[in-house]
Amino acid sequence: MILYFISSNMNSIILWTITVLFGLGLLLSVVLYLVAKKFKVDEDPRIDEVEKALPGANCGGCGKAGCHAFATACVADGNLDNNFCPVGGNDVMKKVAAILGIEVADKAPMLAVVRCNGSCANRPRTSRYDGYESCKVEALLYKGDTDCPYGCLGCGDCADACAFGAISMDECTGLPVVDESKCTSCGACVKACPKGIIELRKKGPRGMRVFVSCVNKDKGAVARKACQAACIGCGKCAKVCAQEAIFISNNVAYIDFDKCRLCKKCVEECPTGAIHAVNFPQKPKVKEE
Amino acid sequence: MQKLLVSPSPHIHTELSTRKLMLDVIIALLPVTVLSVIFYGWHELMVIAVSVASCVLLEWAITKFLLKKPSTIGDLSAVVTGLLLALNLSSLTPWWVVLIGAVVAIGVAKMSFGGLGQNVFNPAIVARVFLLISFPVYMTTWAVVDPGNIGSAWLLGADAITGPTALTLMKEVHNVDSSVILQAGSAGEIYDWALILGFAYLVLRKVIKPWITLSIWATVLVFYTILYFAAPGEYLAPGIALFTGGILLGSIFMATDYVTSPMTTKGGIIFGVGIGLITVIIRNWGAYPEGVSFAILIMNAFVPLINKLCKSKKFGRA
Amino acid sequence: MHNVTFKMGGIHPDDKKISSRCKIEVLPLPEKVYVSMAQHLGAPANPVVAVGDEVKVGQVIAEPAGFISAYVHSPVSGVVKTIGPMPDLAGNMVNHIEIEVKGDVWRDDIDRSTTLVTRIPDDTAFILDRIKQCGVVGLGGATFPTHVKLAPPPGKKADCLIINGAECEPYLTSDNRIMIERSSEIIIGAAIMSKVLGSCPTVIAIEENKREAIMIMSSALSSLKRMTDVCNDIRIQVLQKKYPQGGEKQLIDAVMDRQVKSGGLPIDAGAVVQNVATALAVYEAVQKNRPLITNVLTVTGDCLTVQHNYLFRIGTPLSFIAEYAGGVPAAAAKIVSGGPMMGKAVANLDATTVKGSSSILYLMEEQTKRRPETACIRCGRCAQACPMGLEPFYLFRLAKVDDYAALEENAVQDCIECGCCLYSCPAGVPLLDLIRPAKGNVLRIIKSRK
């Protein structure tokens, strides 16, 4: 029968094609099987499970190379003490803990906070930066287009670094704005900012928090000259704070979140308005002009 | 006084711009454009006008409405594409075919890849090949030109133009990229010299380096010389082979497109030899009478590989 | 003999040497000088004077703080007012010593006469020590301490000393002027350095656009050769005009036809390169015991009606020089300290001059404003212009995505930051802006591996 087909001129080409392809398929499947067998990597199946529970953004916010690396680390460590996925937050970490069969304590949610208040109005521009639009490049070149060598350069490296679209540059102020609902506190912006302005701070009850929106280490007069809203390191806030949550070093005040009781006395005391209080319920006496 | 500018060094830059480079290409194309309008009359003018206008408008529309980016038509690259496309078409091509060509060139070949600088294939060539495959009749119907009576195309209008197929026209017509592979007549010769004039201009202005073009010519000449002496009478004489058809237009203006040609001189020569070889093969043993556009298209695909293999030599590294 | 040049890449910007015929004028003393502690490559110097101290011209006010560091001398006589941080050219805080000028009293042991001293001391250790004690640093741009560069590591020998008079940057003319006005001193300085390096042959390399300098240097050399035998092994080599000819590696390629290996130093190719201004400083130091406290600086720009070449005391505020030269022209949109290709743009004139200051250059908006970046058309002009044979367009793309492994593979660390790529890009792509930080990161990665 087969011989007949082969000898038949009409069908021989088709038949040969089928035979060759079939044979090739068979051969390659055997090769694939052998290769798969030989190079098989034994992996803890829990790694896969943990990875599935993660957000999968591969943002690196946990400090690992990506979600798979994080999952591997979780399983390898057997505990979650040094492993926290800031993007997924407590919910995801609970799931991961369940997979690993361990307990995990809640962590306070964090948020990226921009510590510069040098808006166009507060901080006059003293030169025009004309190079590649990147904070990294500008920081390498000079102090920036204002007289504050510590402040935001406004090129938006942080916004570019944010994988979640949580940071946008405000055209009016020239400063980055963090969208609290989108921020996952992965810390990519903290790394991207060459001036170290962005800090991950605890989100606070109902988002309420008080922080010093300035990192200028210059002496008061110099800082004030460069920016109206600079922290001048006068120490009034520290004096007024009953919790001793505020300390001054290098001419800048810093508020310890854990000690702060959100009394806002420092906000009222600050002569330059460098201390910001956000998400507090608005008082009726606040002037609206 | 204005606030001082601050930027990393260098603080000065060349006067050259993309726009100036494209303008130089347009200037280099002017002689051949003017000649073809003189010889082919209103119809040619219409083809050129429709092609250029639709290319520019399309690019403007795509950047404005689809990409929502600042318009890039100011760099004049769309004008160059439109002009090259028109010079690749017969003067008898209906306006809607030209329009389709423009859509393919700008929409498909250029903007869908990300615009100028990102395209893998030369937009005008892609459009030409697309039209050649889709509308073979329009693409091989050439107008008859009487070289002795230049004004006829203008004076007599449509009556003076006939539309026979390429085969019947082989003896009389020489379009810039015609399928005619025969001895060049007077009009064709003028075209040739107009194109070579453009080439000289581009090289003298340092817009392009001559190596790609010259290597294509050399390959075609060598190949045809071998064929000519191997089987006398069956193949064209080398000189005629080079000066007919689309080799000149292709080798001078399309193969040298920065975006779709290799960066180094060595790579350029490999690229040019490849184009020359494929052209001769398609011409003599392929289904189509002319193969330059296919050859350029095929070699365009090899450019990333050529660029990878022909890296420039670095200082202080053996 | 034909004019040589380096082989790979390079560009030909308009040289704009509009101040080349302006004689060197002595700048008057300012009321105060601010002397930077970081005016050389390496560790900033440590101040050795206190506030209130009286200092004389040429007195040591700061000592080197390491092997690669240099002495700093008071350029004026007067009283130390403050010692503390002040913004440098980039606005970064650097320690400065502020001195209020009182009179002009020089240290006694400095020979201030203008007589030419042709006899070179025999003891090379003495010469090197003089150079070190006088705080001489390379004045071609990098301000590398000269005494370190003149003492090659053991096992390495200089076959040739190249005195760099290329001055390939447009606008700058200070080297040109000193070659015209101090030619004999430069040649003796070159002979001194040659002696330290084991009496190696010396080539004074000058670009062809400085005809007057070539002529005067040649005649000074031949008359010196008649007077003394110290400069028998010195010759003058005329170079074609091409930027960046003054780059060490390019100059060695042009003069000696040798390529310094990637990651290597000029001495690996048997060459030492010193600037003409350094040669002059070496002459002053060794023959006259005069520390490096003055230099020549060009005040130039197309928007300036009168250009100047000034002999200034190091530490003179830039604003003082600008004021003395007639103020900042209204059309100036950018002020550059150094040449237009590699100089530093300044945000204001608050900073002070340092040993390596070579110019105040005013550029107009239309000359210098960066063009909007448009799409790369892959024309390859950047690669053609790169004197190191790199592919800037590719490095730029890699730098955008921080692919340091690929950047290293494509030799970003060989980049000399000459700016040819950015200069020649028709699409206005800011190639070097991104390649520069990428290079820095790759160099750090390479260093951390060792």
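In order of appearance the chains are A, B and C, and numbering begins at 1 in each one.
Here, a residue touches a chain if its C-beta (ideal position, glycine included) is under 8 Å from a C-beta of that chain, and two chains touch if they have at least 3 such contacts.
Because the structure is predicted, anything quoted here is derived from the model rather than measured.
The minimum number of touch steps linking chain B to chain C comes to 1.
Centrality by Cα centroid goes to chain C. When every pair of chains is scored by its C-beta contact pairs, the maximum goes to B-C. If you average the Cα atoms of chain A and of chain B, the two centres end up 50 Å apart.
One simple way to say how far apart two chains are is to compare their mean CA positions; for chain A and chain C this gives 43 Å.
Residue positions of chain B touching 2 or more other chains, listed in rising order: 2, 4-8. Annotation for chain C: residues touching 2 or more other chains are 334, 345-348, 368-370, 430, 433, 436. Chain A has residues 126-127, 130-132, 137, 140-142, 145 in contact with two or more other chains. Taken in their complex, chain B has these residues touching chain A: 2-8. Residues 126-127, 130-132, 134, 136-137, 140-145, 149 of chain A are the ones touching chain C in the complex. Residues 1-2, 4-14, 16-18, 20-21, 72, 75, 77, 115-118, 258-259, 263-264, 311-317 of chain B touch chain C in their complex. Contact residues of chain C toward chain A in the complex are 87, 89-93, 334, 345-348, 368-370, 430, 433-434, 436-437, 440. Of all residues in chain C, only 8, 11, 13, 170, 249, 253, 259-262, 264, 328, 330, 332-336, 338, 340-348, 361, 363, 365, 367-371, 374-381, 383, 387-391, 411, 414, 417, 419, 422-428, 430, 432-433, 436 touch chain B in the complex they form.
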